[in-house]
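My structure is below; once you've seen it, I'll send some questions.
Going by the order they are written in, the chains are A, B and C; count residues from 1 in each one.
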Amino acid sequence: MSLNSIFQYFVPKDKKVFFPLFEQAATNVKQMAEVLVEAVNSKNDADRQEAFKQIDKLENKGDDLTHQIYLELGKNFITPFDREDIHALATAIDDVADYIQGSANRMLLYNIEEYTEPICKLSELILQGSIDLEKAVRELKDLKNVRNIADSCIRINSVENQADYVFDRAVADLFLYEKDAMRLIKYKEILAALETATDMCEDAANVMESILVKNA
Amino acid sequence: MSLNSIFQYFVPKDKKVFFPLFEQAATNVKQMAEVLVEAVNSKNDADRQEAFKQIDKLENKGDDLTHQIYLELGKNFITPFDREDIHALATAIDDVADYIQGSANRMLLYNIEEYTEPICKLSELILQGSIDLEKAVRELKDLKNVRNIADSCIRINSVENQADYVFDRAVADLFLYEKDAMRLIKYKEILAALETATDMCEDAANVMESILVKNA
Amino acid sequence: MSLNSIFQYFVPKDKKVFFPLFEQAATNVKQMAEVLVEAVNSKNDADRQEAFKQIDKLENKGDDLTHQIYLELGKNFITPFDREDIHALATAIDDVADYIQGSANRMLLYNIEEYTEPICKLSELILQGSIDLEKAVRELKDLKNVRNIADSCIRINSVENQADYVFDRAVADLFLYEKDAMRLIKYKEILAALETATDMCEDAANVMESILVKNA
């Protein structure tokens, strides 16, 4: 038994501070993913610009939440999990938000004309991953349903595998069918940013799995 | 002395569970690297396709081993090292396997015609790194030969440095001699995936070094 | 209170060994960044070659310092912070050095003709980040001015954000104005290496923040 676990029997846990912040951060990421899916499926350029702006706003909100978690970590004597894990989870959720915004930003900056099928598919996978991320985070507060958290983490891993596959296939197709090297590079960069957002979901899942391992 | 080390004098260690799994995972990576070297040196396209299929199979086997380690972590009260280190080492070994398979997958998907010298050289370096990875993992079980583990880790670091150099040189040559931008991108991507496999070996070495530091 | 903190009241700390090494490593990174800024702003090719050579030398010196920290970790019974954090901080500082040298190396290998504004701007940001990195590292030894360390870490985060923005904007401009795909790829790679150096500064800042969290 880790000393951490022994301590759990003696100390009260300050759950009221951290869990609401984590839940808000995870919900924020899910909303970003929803807006991303809207943006890439939008038939209307003005709507899409609007969606990209909303993603920027949500990302700022996410930054504030992450910062609040760090501040609470500094103030709180007792934390529900290891301080390192709280730090790592907050960072991982923030990374998902960063890559969603980074992908949206590239689409905007590179001024792409066509929102291709792999772009839409990867955005959809990010949303799936974010839904499970939020689910898992909500279960962390009581660890009553460890099975549910583990299942969400497994699904997030599967989403990341699918995203890898979509990315690889899409890049192979670019090499086969895209004749303009510039366009090929642009699309490859955007697809890579989207795919990395699912990697960051997986990182968050890995932190949660490691929290389960220590607190099981 | 860390509390972890104090505890080591009181608790039996469940070495029988974890070490065989780690050894199998490391041997599996070494086999993947051997098949990769065969594939890139193959003069026969059918043989190469066969090798790529075998890499996929071994990668699946590696995934199962990683999953088993995670499951055991959940079940086992006592672990030979910190649970976090066991988790991190299993993940790092799995990452090496992922990048070997990812490299092979790109070669297949991008349908490259020529297996160039830097591709063969980087594959060879991955194999060297994997051989030392396996050696070091096999020594973990008793920590009698800490020097051997440290030496393997140093060699893995040196392999990663050499791979960096081969990669940089190869990309510079592509810029000098390759006139087709598409081909340049393809080869650069494949070389990058191969080089990253050696980075992941180094990550595994870093985890082992940190295990040594804590358990010395 | 973490057990780590309890122990702090009982054990003397071997600060005399680690802090000078960390300070030398951070100063070394700052010097590399200074030489990088000189190199990219140099009007004279011979001076620039000289600067690149000096970066290589400093990187070697940094490697030695990192290695010494690892060795001390193995020898020292008592460490001022968690051994893992010492290992992680040494690695992060080494990573900044690696990416500065990697950027310089690419500029040299790809034989670029023009040191563009974004290259100079990113080099300047690396220098700013390195200055704060050194400042923060120097404050670690007594943790009297926790606020100063936290402020440096916040500034390093801001530098990383600015570098992201410069990188994104520069790559968008390449897509707009650069007609030669090869040149576009070259510059994109160099900008990416420079931007990653600021990511590594942020990693180092994250480790220091996590040290603060544990030792506050």
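We adopt the following convention: a residue touches a chain if its C-beta (ideal position, glycine included) is under 8 Å from a C-beta of that chain, and two chains touch if they have at least 3 such contacts.
Nothing here was measured: the structure is a model prediction, and the numbers come from that model.
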| item | value |
| --- | --- |
| Arrangement of touching chains [line / ring / star / complete / other] | complete |
| Superposition rotation for chain B onto chain C, Cα-based, multiple of 5° | 120 |
| Whole-Å gap separating chain A and chain B, where each centre is the average of the chain's CA atoms | 26 |
| Contacts with two or more other chains, residues of chain B listed in rising order | 3, 181, 185 |
| Chain C-touching residues of chain A, taken from the complex the two chains share | 3, 7, 70, 73-74, 77, 83-84, 87, 91, 102, 105-106, 109-111, 181-182, 185-186, 189 |
| Residues of chain A touching chain B in the complex | 1-3, 164, 168-169, 171-172, 175-176, 181, 184-185, 188, 206, 209-210, 212-214, 216 |
